[in-house]
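Chain naming follows the written order as A, B, C and D, and within any one chain the residues start at number 1.
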Amino acid sequence: MHAYSDPEILARLNGNSAAQGFNRWMGLQGLAAGNGQVEILLPLRDDMRQHHGYVHGGCIGALADMACAWAGSTNGGQDVVTSNFTIHFLRPAMGKQLRAKARTIRSGKTVATVEAEIFIENDGEEPKLCATALASIAVLPEARPRI
Amino acid sequence: MHAYSDPEILARLNGNSAAQGFNRWMGLQGLAAGNGQVEILLPLRDDMRQHHGYVHGGCIGALADMACAWAGSTNGGQDVVTSNFTIHFLRPAMGKQLRAKARTIRSGKTVATVEAEIFIENDGEEPKLCATALASIAVLPEARPRI
Amino acid sequence: MHAYSDPEILARLNGNSAAQGFNRWMGLQGLAAGNGQVEILLPLRDDMRQHHGYVHGGCIGALADMACAWAGSTNGGQDVVTSNFTIHFLRPAMGKQLRAKARTIRSGKTVATVEAEIFIENDGEEPKLCATALASIAVLPEARPRI
Amino acid sequence: MHAYSDPEILARLNGNSAAQGFNRWMGLQGLAAGNGQVEILLPLRDDMRQHHGYVHGGCIGALADMACAWAGSTNGGQDVVTSNFTIHFLRPAMGKQLRAKARTIRSGKTVATVEAEIFIENDGEEPKLCATALASIAVLPEARPRI
């Protein structure tokens, strides 16, 4: 769908995700990945909500964190970890699913700076931006053993 | 245990938490709360881990976010939401449980600034600081209906 | 130049700026302002540089902070202050002038979330993005006296 | 004064600072430096103030940024640059001087995480915390030429 998406990279990211306990619980679905960008869909369930009935900020934050890390890993297939992460919540999110769009702003040898936007979507409504994030993603040396 | 803790505030926070889908999934246990501070324990499960076997950053972030919000709500029982949130991950976290300690740095009428430290703990080892966070917590007007 | 710019708002911001000691030292020039957006030019001098000859991060940060605050104040003429501020430096900046472009992402009653991009410019070269920032701007109640 | 301070490191930092245009303009005075920590004093002048008469946030931010970078450079004498930086402003600052205290939370091979507190001081008053910051400081490889 997206011109930037590379089927191999997308398959690798979705495969890695399926191998991780927390990601499996989240149930996130990578839709596009490549050239420093990703798009991820997160269908919402009741165990992702907080006391106002809105999506819990912790889930929005986790999705934004993952989207930034995925985006930062599309340039070369390296292993990455989030070094730090800032998120601003813009409005309460009530709806059917979240959509994350992340974009690498600057890709260096050891760190990538990535921004993400999180949209809340509902049937028959325009998507609404509910959070924006900025992250530093550390690109791990290839030689480093995957413990 | 902690001199700052107030049994009523702690019971209210643990009660609110039990009423929230995401918090129930997390299984977090408030240990102390009062005077702008909280301590929360999070026993770790496999569905909280990532591909290196470490605790997923998304879980660490969600715990830090909650700890900051809880701490920001101890001064007066108001309803609060996280406005924004920065977290720095300091080391990979592998172990049995996470412990969050949050402390209100500055409490204003409409916003509280809170910092949190997240420790990873394992049997027979010293707790290790694995993340530090800084958050703005919005204090909602009392008149606002709890939707 | 910019469709969003409103001459009255721009004149007010440049006037306020001229009345402030630090802004006068900086020498920043508002080029456009309105509808949650601003563009500001900062001609560079030697007393804005650091030990590598690059623009000092402190100046880039101050410019980004101001651009966010100005952008946050264009919706209604309120007095504003920066509540918090995150900046990621993307590359060393050497050149003739900095250009800040700030845009309000979400404007609420008491807080605006604003993002800013800082470009370094030199004769005969394409502008280069050297920093990106995300800020919470507190909108002060009108009743509050302007001390 | 401070047990952590090392006269050689402090002299190096103050010397580097005196060689930088922006730092000279600021007039900051390193008081202590060593073991990941620094303390810096900034006497305030009218060209550091904003329209309410308070210290300009841009100056507070620049001081916090420098304090974090200095602290991050005390472990080994490496050259460092600020990678990213979050600051929360806690109260308006009016007074005679600012004091920055920065402390390295975690020192890695390529990045240090540092926190800083900024206090406003006035004759006959207790120092007041006016801002708190969290920064990632990139430690540059020694082999990298100082351009």
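As a working rule, a residue touches a chain if its C-beta (ideal position, glycine included) is under 8 Å from a C-beta of that chain, and two chains touch if they have at least 3 such contacts.
Remember, predicted model here, so these are calculated numbers, not experimental data.
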By mean C-alpha coordinates, which chain is most distant from chain D? A
Comparing A-B with A-C, the busier interface by C-beta pairs is A-B
Roughly how many whole angstrom separate the Cα centroids of chain B and chain C? 34
Could you state the distance in Å from the CA-based centre of chain A to that of chain C? 29
So the centre of each chain is just the mean of its C-alpha atoms; given that, what is the distance between chain A and chain B in Å? 22
If I count partner chains per residue in chain B, which residues reach a count of at least 2? 83-84, 86, 88, 113, 136
Residue positions on chain A within touch of chain C in the complex are 86, 88, 90-91, 105-106, 113, 115, 129, 132, 134, 136
Would you pull the chain B residues touching chain C in the complex into a rising list? 83-84, 86, 110-111, 113, 136, 138
Chain A-touching residues of chain B, taken from the complex the two chains share: 16, 19-26, 45-53, 56-59, 61-63, 65-66, 69, 81-89, 92, 146-147
